[in-house]
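The chains carry the letters A, B, C, D and E, assigned in the order they are written, with residues numbered from 1 in each.
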Amino acid sequence: MNNEHIKLSATDARLWFGKKQVLKNVNVAFPENKITALIGPSGCGKSTLLRCFNRMHDLSADARITGNFLLEDQDLYRGNLSATAVRRRIGMVFQQANPFPKSIYENINYGLKINDISKEERPGIIENALKESYIWDEVKDDLQKPATRLSGGQQQRLCIARAVALRPEVILMDEPCSALDPISTSKIEELILKLKQDYTIVIVTHNMQQAQRIADQTVFMYLGEIIEAGSTRQIFNDPQAELTGNYVQGHFG
Amino acid sequence: MNNEHIKLSATDARLWFGKKQVLKNVNVAFPENKITALIGPSGCGKSTLLRCFNRMHDLSADARITGNFLLEDQDLYRGNLSATAVRRRIGMVFQQANPFPKSIYENINYGLKINDISKEERPGIIENALKESYIWDEVKDDLQKPATRLSGGQQQRLCIARAVALRPEVILMDEPCSALDPISTSKIEELILKLKQDYTIVIVTHNMQQAQRIADQTVFMYLGEIIEAGSTRQIFNDPQAELTGNYVQGHFG
Amino acid sequence: MIKKLTPVIEWGTLLLSTGLVCFFLVAILWDLISKGAPSLSWAFISTSPTDGMTRGGILPAIIGTLLLTIITALVAAPFGICCAIYLNEYAADSWLTRIIRASIRNLAGVPSIIYGLFGLALFVQGLQMGTSLVAAGLTLGLLSLPYIIITTEEALRRVPNRMREAALAVGATQFESIRDVVLPSAVPGMLTGLVLTLSRAAGETAPILFTGVAFYINKPAGYLNQEFMTLPYHLYMLSTQHQAIEQVRPLAYGTALVLIILVFLLNLSAFYIRYQYSKHE
Amino acid sequence: DKSIKVKGSDTEVNLAVSLAENFYKVHSDFSVAISGGGSGLGIASLLNGQTDIANSSRPLNSEEIELLKAKGIAIRTVIFAEDATAFIVHRDFPLDSIDVPSLTRILNGQYKTWKPVTGQDMAVNIYGRQSNSGTHSFISKKLNIQFSRDAKEMNGSAQIVEGIKRDKSGIGYVGAGYILHGGVNQPVKVLKITSKKGIKSVSPLDTKAIAAHLYYFQRPLYQFIPITSWNKVDAFIDFEKSAAGQKIITESGYYIIPR
Amino acid sequence: MKLAIREKTDQAAKLLFRMTGLMVIAILAGIFLMLLWNTGAFFLKVKPFDFITGTQWNPSGNPANYGMLPLLVSTSLVTFGAMCIAIPLGIGTAAYLSDYAGKKLKSFLKPAIEMLASVPSVAIGFLGIVVLGPGIARMAGQSNGLNALNGAILLAVMSLPTIITVTQDALEGVPNAYKEASYSVGANRWQTLIQVTIPAAAPGILAAVMLGVGRAIGETMTVLMATGNASAFPTGFFHSVRTMTATIAIEMGEVPYQTTHYYALFAIAAVLFLMTLLVNIVGEHYVNKYRKYQAS
């Protein structure tokens, strides 16, 4: 973590579900126009941390969050940003593709409509988002097709297009490839690499190879804490903590 | 497959669920007092094959089975053995631990009661089965505790104890460790290795390391057929079929 | 503009509808309780009506309702449960069973008055039972059957298959696995369904109109082959047929309240069973 | 078997309840179950073999007699009281009496408003009984009309009284047992009936006039009893005829005319 | 016990369950056959067309008229009115319960609404006579409140619990993923509810509505007590109406068995049966569709 411009960060973040503490004193920073991979064994809190950044936990009544979450220098929770505004600037792609049960076109159009983008601009934006997400060629002939009829990989790319269309500043991705076959996975990796020119990307992954292929920086979490963070090369080849070493070599998890 | 005594075997076994053929011309033999591992990609028919041997498919109306299934030289389906008698001699441990929602004691006692084992003998048998299954120490203080309150690994060992208590001749195990942590897994592996002195064991597993650690013989299935069977060493180090090689080296599945 | 109004519309719509629904409930209960409570007394529930039903209690109606409910349970529970066990544990999942299941669900939606007609044609007339407690009980039993089958099957379905397999794997026969493992796990769900069904049956009037209920009977308790009084019908009578409608209004309110209390008690016991069950889960 | 089923006329049902209640005091071994629903219900039950006593406020019609014969049901008929069917209106109704021709036109729907009768331009609301009612058929026979199709068909006579109490433009008909006798606080107004122009109007509450058969809408109340039930109901019929029984009948608002 | 005996028991039990199961099913099939049989007997005497389209129901008239159109229209009118009230209220309440209400409030409201479902229909009808009817009469300046509106409101109250519970299940069954997707593109709760959750739950909501309609069509005692039962052709909500169910309830007692009038009532019941069947099948279809969709 050199002197890059920090786009998104959390300091001293803690989170409880009811009485159970799931995040413990997390400090993490995501540099602009870089891809950060978040790795760690199942249940360590990766998804939970990710969802803190676009205030998805606002929905669950029993989640309690403390600490500072900053986008540039705006506080995500206490400033004058509403949850809706935060989510507008920080897009998210979920572990399981979750297109709306509507047409492909409507899937992207919905966000634009909600965000008051004028009728005239929308078709262009939609086409562009689909192109950016490498799915345009596969769907351009029938944008009215229900999105649920697309294959898993196509659905996931559609969800990325949906996020991209709103031109957020950050895109959070929660294991976007876990349900996909190798071919779809490599298409999405390609896409992520391209997107990093314009966006700051945080990606949760279980796949060590994937982290090494695409991430600039890697963060290793364990039991709700960040054990180690650093350049991907360093984390995988020269981990400081024994735990990190064990994990990246596949000895547990 | 040398000249060991064959305990359990299937010849020319086929099985359909409705119109869908799930087992195609399966020939397989399990030698006495040996551990046989059944491996293969998800959905290839491992569980289905296993369940043929203790007539678990009798319950599902749309399953149709042909072929010969022999225990020693008795036909499991056509002879004078009833399904109940077959199951008495061929015990089973399921992928998900399924203790009865009763006390620990009752869980084992039930099978004994049903099978006419006298009241006096039962406490001894139960204690012994729990000891054999390496769970006695953890539960001996409160045998009246509901079995559902045990941890996953303890439940699985209790299910093994339940099977063992009836002194079957064969024990079928369907991925008994898939839901368990490494410590529970190693305990159960230890147990299986010990049990082979008295029983013939067939175990389905997804875990290549596990198969190598415990199995004497390994059978590789693919799309409802047996591709290759042989000593574990041979299957993993010198597979005859290309498919087997690819699978055990983790290239698919 | 529209955007500004959204929260108003949002909360307006939702709170208004929820509020109205609650208002209905509160209004119903408040009216029944406030006007019914003064009529309640030990004498009211322990004596027969007197003076041309302008005074006295409602004992025969209470006994009639209870007897009727018991007969309904005795008829519907064993048959309904056996049928559900057959459908869920034995019957193959063929197109035939699917049709049977669909028909049973549809029968649960058939208007209760049609069961009354059927009861009249079959029990009163066909089987020569006359208008009587048995005929009415059997009619209500028929009405309850589909509900009991549905709820029991639901409870059986919730018992995971691996429980059945566990029993079979230690050498139990299928019947033993049902008796020793499936039913004990399903009992709370079955009981809840049974009690709720009975509370519904206890409040029914239409099916018994022609099958045995009477305006008045001069003895508190009847026999199986005799006519009987029930709380719902008594309430119907007091509010539409009695010659001194105004004068007996307090009695009508009292009857309504007793009926509601009875039904709610049944419901509460169902909630209690469900609660106990969820605690053990 | 000492259980008696009594079914039918709404006009008689409350009376029957009182009789049964008092009958029980002397014959506690009998159980008497009483249902109302209308004379038609009683007669139908008779035909269907579902009653021991069919109360009816009208005689059997020829069709029913045929049916009884066809089914081989022999019956005995008991006339145990006399009813004077009352026409009731709201307490504020401007007139105290009404003549039969006007009544006819109101009930058959010819007059849609009260104008021709009272001069008030208010819609006529008829509170009638359903078609199986003996009273319903008695009136329609007596006046030789079909009731207006807008007539409400109430489930029982009591509901008619209830309706009229609130409805200033309503008119309804009920048996004498449904109106208070000798009371000043009648909740509704009981109309006197003028059978012909020029003749003095008669009230259904006028015992003397009724004894002299002077009220236009007076009628006997019947009980039809299948021969097969006669032995069983004998005691009950005797009770009706006893002094105690007769007292209950008159106290209930009905009349006894020696025949 | 010996194995042989245990297996005999097993066989016997299987036989017993099968026999009772099939018997119950046969009896239930009998209801349908009986309706069919008696309806058939009726249509031998009265033409089905006259029955359905006749505008006069007067079985005791001379000649008797068996036109059920006024009854059909009455039933439809009351049901329609009930649904106009119950559907918006039901969906609104269900939405509030599923997406807005806190846990505590919900755990209180849910059983309360189930309580409402269990209030017997005579009790509701009774309140229709003594409270709501007079109230309507006063407010509308009518002389009498026993009319279609009274019935519609009461039926709305009675079908609300069904509509609310099934709709709420449907709304809660909408995968969280959809809601999250909506939030993640910046929608607020109301937009998500209106534009994502409700459309996604539409089949379930339709099923709820259908079940509510079925309940309203089939309800007997409430309408019998509260709608005035005039058999004339209804002309509006302030008119007394006589529904199909009420007609059966009123006239069944008075008919001698095996007469035309008797069969006529079975014919009404058959029409009623078909109507509820249709409504239930549509409802059922959407419930199933909805389940499938939930699974995917």
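Just so it is clear, a contact is a pair of C-beta atoms (placed from the backbone, for glycine too) under 8 Å apart; a residue touches a chain by one contact, two chains touch by 3 or more.
Labels paired with UniProt names: A, B = Phosphate ABC transporter, ATPase subunit; C = Phosphate transport system permease protein PstA; E = Phosphate transport system permease protein.
The structure displayed is predicted, hence computed values, not measured ones.
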{"item": "Partner chains that chain A and chain C have in common", "value": "E"}
{"item": "Chain hops separating chain E from chain A, counting only touching neighbours", "value": "1"}
{"item": "Touching chain C and also chain E, the following chains", "value": "B, D"}
{"item": "Pair of chains joined by the greatest number of C-beta pairs in contact", "value": "C-E"}
{"item": "Between chain A and its twin chain B, rotation from the CA superposition, multiple of 5 degrees", "value": "175"}
{"item": "Rounded Å distance between chain A and chain D, as computed from the means of their C-alpha atoms", "value": "83"}
{"item": "Between chain B and chain C, centroid-to-centroid distance (C-alpha), Å", "value": "48"}
{"item": "Distance between chain centroids, defined by C-alpha means - chain D, chain E (Å)", "value": "37"}
{"item": "Residues of chain B whose C-beta touches two or more other chains", "value": "84-85, 114"}
{"item": "Multi-partner residues of chain C (at least 2 other chains)", "value": "125, 173-174, 176, 240"}
{"item": "Residue list for chain D, restricted to those that touch at least two other chains", "value": "45, 48, 154-155, 162"}
{"item": "Chain-chain contacts as defined at top", "value": "A-E, B-C, B-E, C-D, C-E, D-E"}
{"item": "For the chain C and chain D complex, residues of the former touching the latter", "value": "49-53, 124-125, 130-131, 213-219, 222-223, 225-228, 237, 240-246"}
{"item": "Interface residues, chain C side, partner chain B - complex", "value": "92-94, 160-174, 176, 180-181, 184-185"}
{"item": "Of chain E, residues touching chain B in the complex", "value": "1-3, 6-7, 10"}
{"item": "Residues of chain D that touch chain E when the two form their complex", "value": "37-38, 40-41, 43-45, 47-48, 67, 125, 130-132, 137, 146, 149-155, 162-163, 166-170"}
{"item": "Interface residues, chain A side, partner chain E - complex", "value": "54, 56, 59, 61, 83-85, 87-88, 91-92, 94, 96, 98-102, 110-111, 114-115, 148, 159, 162-163, 166"}
